[in-house]
Amino acid sequence: MAGNSIGNLFKLTTFGESHGEALGGIIDGCPPGIALDFEAISFEMSRRKPGQSAIVTQRKEEDEVQFLSGIFEGKTTGTPIGFIIPNTNQKSDDYSHIKDSYRPSHADYVYEQKYGIRDYRGGGRSSARETASRVAAGAIAKQVISTIKINAFVSSVGDIFIDKPYQALDFSKTESNPVRCPDEATAKKMEDYIKEIRKQGDTVGGTITCVIQNVPIGLGEPVFDKLHAELGKAMLSINAVKGFEYGSGFCGAKMKGSEHNDLYNPDGTTKSNLSGGIQGGISNGMDIYFRVAFKPVATIMQKQETLDVEGNIVEMQGRGRHDPCVVPRAVPIVEAMAALVLADYYLLFKKI
Amino acid sequence: MAGNSIGNLFKLTTFGESHGEALGGIIDGCPPGIALDFEAISFEMSRRKPGQSAIVTQRKEEDEVQFLSGIFEGKTTGTPIGFIIPNTNQKSDDYSHIKDSYRPSHADYVYEQKYGIRDYRGGGRSSARETASRVAAGAIAKQVISTIKINAFVSSVGDIFIDKPYQALDFSKTESNPVRCPDEATAKKMEDYIKEIRKQGDTVGGTITCVIQNVPIGLGEPVFDKLHAELGKAMLSINAVKGFEYGSGFCGAKMKGSEHNDLYNPDGTTKSNLSGGIQGGISNGMDIYFRVAFKPVATIMQKQETLDVEGNIVEMQGRGRHDPCVVPRAVPIVEAMAALVLADYYLLFKKI
Amino acid sequence: MAGNSIGNLFKLTTFGESHGEALGGIIDGCPPGIALDFEAISFEMSRRKPGQSAIVTQRKEEDEVQFLSGIFEGKTTGTPIGFIIPNTNQKSDDYSHIKDSYRPSHADYVYEQKYGIRDYRGGGRSSARETASRVAAGAIAKQVISTIKINAFVSSVGDIFIDKPYQALDFSKTESNPVRCPDEATAKKMEDYIKEIRKQGDTVGGTITCVIQNVPIGLGEPVFDKLHAELGKAMLSINAVKGFEYGSGFCGAKMKGSEHNDLYNPDGTTKSNLSGGIQGGISNGMDIYFRVAFKPVATIMQKQETLDVEGNIVEMQGRGRHDPCVVPRAVPIVEAMAALVLADYYLLFKKI
Amino acid sequence: MAGNSIGNLFKLTTFGESHGEALGGIIDGCPPGIALDFEAISFEMSRRKPGQSAIVTQRKEEDEVQFLSGIFEGKTTGTPIGFIIPNTNQKSDDYSHIKDSYRPSHADYVYEQKYGIRDYRGGGRSSARETASRVAAGAIAKQVISTIKINAFVSSVGDIFIDKPYQALDFSKTESNPVRCPDEATAKKMEDYIKEIRKQGDTVGGTITCVIQNVPIGLGEPVFDKLHAELGKAMLSINAVKGFEYGSGFCGAKMKGSEHNDLYNPDGTTKSNLSGGIQGGISNGMDIYFRVAFKPVATIMQKQETLDVEGNIVEMQGRGRHDPCVVPRAVPIVEAMAALVLADYYLLFKKI
């Protein structure tokens, strides 16, 4: 209700600001007896963290997850898994320049208006750093639904996009380049473009496509909690996301029914999959795929007008951390959120 | 959890199949003392119901809402509002032809697989008729947040779209034409196109844009329950919806930060509004606007292959109800869902 | 949140005032494929309804449950079960005498203070008639957990109580007398006492004991949702209930650990069962038993002081319906609430 | 759902085993702008912790609460408050003797059966140490509802009980003796009795009475979430609790309506208060009072039969920590749980 939880049977609640002592969360409802792969968790954390390559922010964050409960001799016990991720790099003076002003297209102003108080050190709770907790929990969720395969990748940056269906891509190449685009030629173009944007002190948006395979038939609940509705909410809860479409998406809105219907094969699979693996809110066993739109990051290294707390328009220039394109780093976050949603529906599904 | 509720403080739970005795729902958490405008409720119901014009299905549904509790001498009492909408037009033999087959791109197959049993009369619980309960409850939600203005309209049908920003439109014209498009020239083109699609026995998709004005600053909860995330989920829960974008949406993913940032005026309003009235998941007082993509309705009046319960591919032709473009009828549903989400956040907001 | 729902996976939401058109509810999460025994449901409804014998109120309520959805060809479909129970006997003039006054130990005053408005016809939402919806839903819950046996009975009325352990009782005799006390000699004394109380125009309280047998090991969740905690809440939500104890209960608070510990048999059962079938909040397979205290009904047929809406103390005398001891009629309600709680935990249990 | 959360608007989720690295929790929904009194929090923690006096266990637990988020410059920010309480005293070898056996009247056996895995170091998640997180959160909840006064005290130990109404007691004396009984003569008797029990290597139960004063009229929700129902659930969720009664409680079940009804004063207060400050589930402004029964602690220092994991009955003797009467230490836990429930209802109440 107060917004910091997701899921019902597999439920994550998170806490933490970018510049407090630590972020963290509680996973409640993880099934017992799962022998956790801690290296897989570290790998996901490293995918999300800043400073991975020349095209992302160089700020270092050590994202070590410390598990405090719910795990005994390497296995989940069925009791809540509490974890923290210490903030090792906070310097309170970093943010003194934004103490008295509201950066454009950040949440500074609305937090101040809503709560009457604001942790002005970094983005506080609205910082993208908050997603570290999501990635940690998502890495566990992936292990809960280990037979389901989740692959996200960058499908566009600015105007540059992959001009192939996902079936033509080799997902094993996603991690082979800093842009996390499995099509190498497109990846190169994206990388060059991001470097150019970086030089300009600017930022650029992009899209991530996510493909979920090997999903059992029957995940999802009518009518308000349709599987794609919850996936959409989960994606829209990621910082900077402005849109979500699945299956035929916005293109589907231009089509005719005679083109759009997915005809059946005798085994219940469908010849086409414009439905995106979900019908009536329930998985039908075909691939689930969706696309998520990210706006450009608001912090740019150019001078901009901003509003100070006394109502004056003043000029400000971003400092320190420059993340010209956050989309590559958002790939593990998209996968984590998908895993959290699927784990929740999967546990519910098992019970009927 | 089991999927038939939306909201927390203003909570709607619905029940009902298309061909049972009645649909209905319970609104739990409606504030006391609201003198309900029952004509406004009837008006919303009439906007959703089939048979309104030449371009929609001619099936008649009498959508009279009967309130059974929670209202005393015309005012809400704060106790749950139970309501039913009788199904006056169900004929059990109507659907005998689909008893033994799974229509393409309907939920027949997944319901059978998930539950092992299916009410084959019409779409059962997955029928669009279910949205009647949403519209009834949404009409009350609108009265709870009466200072907030919600205007949805059809912004595209197939390839035809309104080529103007919403600020150039007169929302009072939305109801003046059967397509519910406030731009009259575009409306005429859409209507002609839908008539043509109807002759073909086909269907077509489209998009609805929704503009929410006069929203207080501060609605929305970080981090998982961001206002736009919940709006997105609510829209994606409507039958046939394939996509949701707000503010700059998918276009924003192509932009640079220097173009996308919304600079402040001294009063805290912003010069541009690519953010779509929401920053960090919290309303900032500017207009909220979003766009929803609807695929074409699956039931077409052409012959199609379908799958029968014994695993044979057989030919089937849709009968009876032909709804060539469901998008105009979805306009009040989009508004209802927006109202339900806003009412819920509004009540939560009041308490902080 | 707003108080009219119970359960998570097997969830009941109810609506309805004593003098509106109908009461009812929605059961969300009932598993599919259960062939419902409608006679069993009617039987439970008849146990609850007034006018069953000389010792209860003679007001007639026809408590016919009309199911509107979620059932197809006699079986549950997994979609929400909507139901209504029409109020056939409401006369709006019955209650004119209480329109302007707050009856002592009723909810009239607090409703007026909380909501600023009150449906003064009968108890409105706080009427015991609301429990009709609980009994209807509980009758379905019993069928969901059909292997678990739930037996409640009246264990005391005023100072008269059964002086035997429950193991010495024959539950099949509970329905053989109007007091619902399986010990016939005690039942006779109770009946005589209630008749005397009736003559005095007074009312009397009592206790109900409930025994739940054949419970699987493992129902219940640590730490806040312990099985007995949820059972306690469910019982305390019944009108007029003032206390709940399970296992050794308040007597246990006087004992020593060396007396109270339940020693094991080699098969994991225990020699004694002071724990009441629950350890650490989780069922251990032994009988669950608890006791519920009901205060005397507030409506008496004697003159009493009351408070009018203008702040005057005035004399009032109850009229019409006299229910000298509500405890026998509460037996099916206790069973229904127990069944609702157990069904919810049972569905959750199935998934781990 | 999975049991480790309480509350809706003021919501606590906890994690942690007795012998893991740390316990902790997240408070989601704490209103912003509250200047926290950290000494008051430490005081509550010290009241709960073992080793306070000669009559309780001498095991030392340092219960220092570390707040990790949601507080900025000493004030709450409205974002989630994450906190941990390190386990400074765990020694893994302490519990080797219970690794292979199920202690009588502990949760060892049911955890093993339910989850198939068990953290055998101490009680794991079922350890009373888990209540440290509750006390920390309750100390904050008390500050959210600072005008409401909550006073719990030990009202009986074994057969020794306070023979006065609570109105005759001076709550400021509760902390003046190790038994937390405000009646000094009774306190002395209790203390002597507990010392005797201690010498026997045995344990004894008792009851706590809690009085809540200065409650606004209108807290509580009909019908399932009645204020006393939620209070009851919260109390029953505390380890070792076997019963709950409020107002007249079990005694009320013996009374007549003519004795039990609380007649009004002209100002809406009542002359008597057998209702216990709650009518129809809603606070009426009078004192709320209830009584909670605790069974004796299961761990005794005498030889007892126990069950080993191979199904043999073996003899075992408790070691190390002997807590002859846990009831005095449970006083701050009862207060904490009451504060959590009241804070949740209070926030909801403010919104109507």
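Letters A, B, C and D name the chains as they come in the text, with residue numbers starting at 1 for each one.
By our rule, contacts are C-beta pairs under 8 Å (C-beta built on N, C-alpha and C of every residue); 3 or more make two chains touch, one makes a residue touch a chain.
If you want to know which protein each chain is, UniProt gives these names: A, B, C, D = Chorismate synthase.
Treat the numbers as computed from the prediction; the structure is a model and nothing was measured.
Between A-C and the choices B-C, B-D or A-B, the pair with more than half the same contact pairs by residue number is B-D.
By count of C-beta pairs in contact, C-D exceeds the other of the chain pairs A-D and C-D.
Between the CA-based centres of chain C and chain D the separation comes to 27 Å, rounded to the whole angstrom.
Chain B and chain D have Cα centroids separated by 47 Å. Here the spacing of chain A and chain D, counted between their Cα centres, is 39 Å. Listed for chain C are residues 1-5, 8-9, 14, 32, 78-79, 114-115, 125, 222, 348, 352, each touching two or more other chains. Taken together, the chain A residues at the contact with chain B in this complex read 1-6, 8-9, 14, 102, 104-107, 109-111, 113-115, 123, 125-126, 130, 156, 158-159, 197, 200, 202-207, 217-218, 220-226, 228-230, 232-234, 236-237, 239, 242-250, 252-268, 270, 274-276, 279-284, 293-300, 302, 304-307, 311-313, 348-349, 352. On the chain B side of its complex with chain C, the touching residues are 1-5, 8-9, 11, 13-17, 20-26, 28-29, 32-33, 66, 68-70, 72, 75-82, 84, 114-119, 124-125. Partner chain D is touched in their complex by these residues of chain B: 1, 8-9, 31-32, 78-79, 222, 347-348, 350-352.
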